[in-house]
Amino acid sequence: METITSITPLIIISTSLVATFLIFFTDELSKNLREAWTIIASVIKFSFVMSMLPHILDGKLIEYTLVTIAPGLKIQFKVDALGIFFAILASFLWIVTSFYSIGYMRSLNEHAQTRYFCCFAIALSATMGVAMSGNMFTTFVFYEIITLCTYPLVAHKETPEALQGARRYITYLLGTSIAFQLTAIFLTYKAAGTLDFSNQGLLNGAREAGISDLFLTITFILYMAGITKAAMMPLHSWLPAAMVAPTPVSALLHAVAVVKTGVFVVVKVVLHVFGVDLLSSLGLGTALAYFASFTIIVASIIALKQDNLKRRLAYSTVSQLSYVILGVALLTPSAIAGSIMHIVLHAFGKITLFFTAGAIYVATHKTEISQLDGIGKKMPFTMAAFTLGSLSMIGIPPLGGFLSKWYIGIGALEAHQLPIIGVLVGSTILNACYFMPIVYSAFFKEERHDEHHGHSHGHSHSKKGLEEAPTIMVIPLVLTAIGAVALFIAPSIFLELAEMVVESVKG
Amino acid sequence: MRIIAIFAVVITGFLLIYATLDMPNWGDPNSPASRHVSPRYIEGTMPETATPNMVTSVLADYRGYDTLGETTVIFTAGIVCLMLLRRVTNGQ
Amino acid sequence: MIWQLDILILILVVICAIASITVKDLLSSALLLGAYSFLMCLLWTEMGAVDVAFTEAAVGAGISTAFFIGAIYYTTRRTKD
Amino acid sequence: MDTMDFIIGKYNYWVYIVLMMIGFYAMIAKNNFVKKLVGMNIFQTAIILYYISIASKKGGATIPIIKEGLDKAHQYLNPLPHVLMLTAIVVMVSTFGVAVAILIMLYRRYGTLEEDEIMAIIKMEKQK
Amino acid sequence: MVNRYENVLIETVTRLLIPAMQLFGLYVIAHGHGSPGGGFQGGCILAASFILMVISYDIKELKSRMSENLNTILCAIGVFIYGGTGLLCVILGGNFLDYSVLHKILPVDPIKARYMGMLMVEIGVGIAVMSVMISIFLNIASRGEHEGALN
Amino acid sequence: MKEQAPILIVAIPLLMAFLNIPFGLFKRTLSYPITVITTFLCVYFSYLIADTVVNNGNISYRLGGWEPPWGIEYAIDHLNAYMLIIVSIVSFIVAIYSKNSIEKEIAKEKTVYFYTIYLLLVTGLLGIVVTGDLFNLFVFLEIASLAGYALVAIGEDRAPLATFNYIVMGTIGACFYLLGVGYLYIVTGSLNITDLTKLLPPLYHSKVVLVAFAFFVVGVAIKIALFPLHTWLPDAYTHAPSTVSAFVAATMTKVGAYAMIRVMFTVFEPSFTLEALPTTEILGWVASAAMMFGCIMALAQDDLKRMLAYILVAEVGYIVMGVSVGNKEGFIGSVLHILNDSFMMVSLFLVAGAIMYKEGHRNIKKFANLHKKMPVTMGCFVIAAISMVGVPPTAGFFSKWYLILGAINAQKWFFVAFLLLSSLMVAVAFFKIIQNTFFHPSESHHKHEEPIRDEVPSGMLLPIFVMSVSLLLIGFLSGQIIDLLIQHAVPKGF
């Protein structure tokens, strides 16, 4: 495979770092300028990512070594199909989220906006870093940076609940990554003598080198326990707790940066650290698949019981993330393709849903599902987007979610794992059970005049007219909803990339 | 506290006695301490430094740097006491 | 070297040491320490370490006893142990 | 006979161990700060005794000052430990001086030199 | 410690004793090469003579002969003589404290130069030790107030 | 100049300390520039030495011109050069910082003496590091200790009491060390480290040598405050003036650790240290206990400096653990951690001093909104804290990386667990502070009482900033540091 050395990955990462400085120094002097920086940076970043795409599609590899700290420890970027896949997703959604957050932050007149935008930019920078990292060490570095700089975002409201949620967030993410993931990296380094990703899995030769199966199994378990960002049960409880964050943050966390980084790293570990062959011969893939299935079902059931909209979405995320893990754990070509596709499809669906949750909050200050009766009439665009998003989540054609579930299903058949099909069907039903009532009550129920839920912010509960959120918020959410549809109709680039990934790992 | 102290003392004492078992006898003129480095001082003090008192010659010349350190220790102690205790009363 | 004298001094030294940490009066303790130092200095002279003995006489028995007395004079003489 | 020889052959060492233990005990266990310092002095002197014992040579060795007619190494005591101990004594007295200075600071502040009483005073002040 | 009437006796004795002690101290410093003694011991004896002066008279008596700042500077000068000798050797092209190179500035051969170097150093030590000991004693015995030590 | 650098790096601060007295008594304000210039010269000389060592190999400098076993020798290898650089840079940075802080915390007439003793402390530490003679090491250890006692004692109200305990413990440590020297002397007749390395191997069976080794290790362990001999440290470092805490915390224990490494691996051969004795086991477990104890105690503290002091106890545990596992990675980790930890400790203690300077307290419960008042200071604090936790790419990560690798290579899984666990606890301790500061759940979100920006003077701010930025730099440079210096210092048996 041809390798190009190019500084583009570094530029992509530093774009938002530079933006961070600009934002920091602009501060409150000029709000417009400050927010303009964010937008400009996001657009530049996206265009740079896109500029790499043709090379990747040509089957080339873009590589750049920033610094070698010690043998085996280097900050190195290597952009392959999987990497650019994630990079495109994240950088595109950053643009959308930026617009949305501007609307959100301004209309709620939030405090500490500079900090918010700064941390946001760094988080994206680090996400890019994870996407393009060329070895496990670089991944770990950026993984930690994401954790650290999203902490202020989660704690943004600075209320006791927010702090508690943030504390749980940091405890879970930092704690497990130091305790388990780092150990796993050490063990990997000891076993393989390198941390560079390889398509066959860097531990591929370990067995021949005399590393015992137990050692490899422990390493794998440590990885899975350490990548808490993927929110597999039982280490998922940080995710609902992090719902105290402002909605754009939740959208970013749940659709793009944090959790997707988690599953992305899981995919990387499975494909590039252990490799398909090693895992299937160890039988760990199947074990992981069942573990993920468990999470899918249980999280869906918990989601049913949540009344808070964002919490329900959070549990839905927990469940949906495990699809990705499930897919990749099956280790068959279609399943892997499906799971990679699910990263992007879920991202579009879930970000839409969170955007709508935020829009509803901004417009009406409602957070509970039971308060949403009849809201569809006031906010038709928002709720239409919500409907599309939830349909995509459930996996009904012609929406994106269908595609990935279909591939994973085929993959399960290829792997002869019939129970997995059952899980897919069951979870689809459960998904429908927790999304459809919301859609139903939003459009078909009359608004209840319940003064207990009324807010003192002077929102009169008149039925007349539209009460949409600001346009700058509605446009992004409509866009992402359309995106969810479009991905079903024309998944070309993403699908192509996913297939490239599958091909490469198959050798 | 007292028990810990006695414990520590007993252990140290035991170690010391244990070590003494292997030591050369007291005043043994053939112990390594008397044979390895010191003969040079004894034999060299007159021809090399013209000083009959070999303690002085070792102190101030062969190992003069130690003595510089020693004097510095004294100096430090003096300045320390001055800094810690000296209180300038209003009169001065 | 006269070993009888040697042993006698050594015994005295130990006695002085024990006494100086057991007496309840700090001034006596200081003086006993001075005596201890002086005995040590005798011992060392007898062992041939004249320079060290000289120094110990000047420092141990002289200057540090003076320090001690100076300190005790301005603080307190009594102690519980 | 062997053990007897062994004990007598090293009696200086036994004494220094005893002295050192006395001093060590006083340093750790005594409640009064002055007593601790006394212990410290004894402790250090014991080490010096040990070093001086190293230096000695049986069989007519003389003090380390050159005399006419004596020019063999074994005729003189080993001067090196003496030198080291000169330094150690000085270090000892310096430490001692600093410690006494701090004793006086403590007395100025608390009016007592007993460790437990000072601790009680500190505890009382904390509660206020 | 002492009342006015006993003072006469003490003062007389110390007046005789102090010069003798100081002379002896100087002798010990200067004669350290051939007999037991040297800068440190001599310094201590000199210090002892001043301490005796403080005990039998008063701190003011001492201060009238040697001001506090002078004493402090003497501490530094004493040690500086030592260190400076070492540095002088470096400047003259030898290693630190290698007195034999002093023959370049002293009218003696290298071996004798070592002797001279040692003497220089001992004098430095003597000055330093004397003034440090006095300083420590004064501070301890008067709790740092330098007024009426021990009496 | 270059061939005289080994002595000048010690002699210059020494002589300047003496000169400081007359100059300072003449004009008080002269002390500060003298100190800064002197420490800068030390940095320069340490650079010269390191340059020589890297390019031309080890240096041997004969004091007084006497050849080694008879005279005192300065034997400088890569480890010495490395330590020299650390000590001199830290002393330079802290010297710059000291001006304002000292003015605030110490009586005016004492500043001259303060700077003199500060220079003496620097001399002592440099002297310990540079020497090749066991007894000379003791002498300089005492200079450093005495100066350290004094600097601690001029601190707050309770400082004298802490100092007295420090003196008692420190003297015991020094005496044990001296006894160890005596025991080696009686069986070998030599004090020179290089000479001892040659003379000792045939004597390894001797009980005297065994006990000497034990006394060395225990004596140095007291000086570096290795659990359970750490009791003097938290009090002493909490109540000392901020400048002093910063300097002493960063250098004293590290130099002690250096002495320990010297004794364990140069005076004695690694084969003796690690195979003839259960050093690995005992020290390893003691170090693990230190890590756990230090971190747990740190969690319980409200006083920032006290918390840092307990963390220091834990960090000493790291260093000792790396040494005790007895392989190359562990050793590199230890030595690298000496550098990282001293820089991290400096930055954290300097920040504590800056907070003390502006706020007059260091109770972490009252830190709310401090970042609005002192944004740069608190930003630096965050960097240092992250490095302390060991998050890449800050410096702290890389030493932990090697430490853990060492423990894994030695198959000491418990040590790995302890290392990670203590990192976590450090993380909790620091996030408690960060949360208190940046995200305080204060009622006053409304615009009133927005704290005004009120940074410490630039003389204090600059050192803090430089140190925390250097933490990032060192992180990236650690590979080069290992290549240039540390890997040459690894003992041969590894």
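Just so it is clear, A, B, C, D, E and F label the chains in written order, and each chain counts residues from 1 on its own.
What we mean here is this: contacts are C-beta pairs under 8 Å (C-beta built on N, C-alpha and C of every residue); 3 or more make two chains touch, one makes a residue touch a chain.
These numbers come from a predicted model, not from an experiment.
Greatest Cα centroid separation from subunit D: this falls to A.
For the interfaces C-D and E-F, the C-beta contact count is higher for C-D. Comparing chain C-alpha centroids with the centroid of the full set of protein C-alpha atoms picks out F as the closest. Among the remaining chains, the Cα-based centre furthest from that of subunit F is the centre of A. Distance between chain centres (mean CA atoms), subunit C to subunit E: 24 Å.
A separation of 38 Å divides the Cα centre of subunit C from that of subunit F. Centre to centre, using the average C-alpha position, subunit A and subunit F are separated by 44 Å. Subunit B has its Cα centroid 68 Å from the Cα centroid of subunit A.
Shown for subunit A are the residues that touch two or more other chains, of which there are none. The multi-chain contact residues of subunit F, meaning those touching 2 or more other chains, are 14, 18, 21, 63-64, 135, 139, 142, 146, 149-150, 153, 185-186, 191.
The set of subunit B residues that touch two or more partner chains comprises 16, 23, 31, 33-34, 37-38, 41, 52-53, 55-56, 59, 61, 63-82, 84-86. Per the touch definition, subunit E reaches subunit F in the complex via residues 69, 72-73, 75-77, 79-80, 83-84, 86-87, 90, 94-100. Subunit B meets subunit E in the complex at residues 47-53, 55-57, 59-61, 64-65, 67-68, 70-72, 74-75, 77-79, 81-82, 84-87, 89, 92.
Here subunit C touches subunit D in the complex through residues 1, 7, 10, 13-14, 17-18, 20-21, 26, 29-30, 33, 36-37, 40, 43-44, 47-52, 55-56, 59-60, 63-64, 67-68, 70-72, 74-76, 79-81, going by the rule given at the top. Across the complex, subunit D is touched by residues 34-36, 40, 136, 139-140, 143-144 of subunit E. The part of subunit F that touches subunit D in the complex is made up of residues 135, 139, 142, 145-146, 149-150, 153, 157-158, 160-161, 163-164, 167-168, 171-172, 174-175, 178-179, 182, 185-186, 191.
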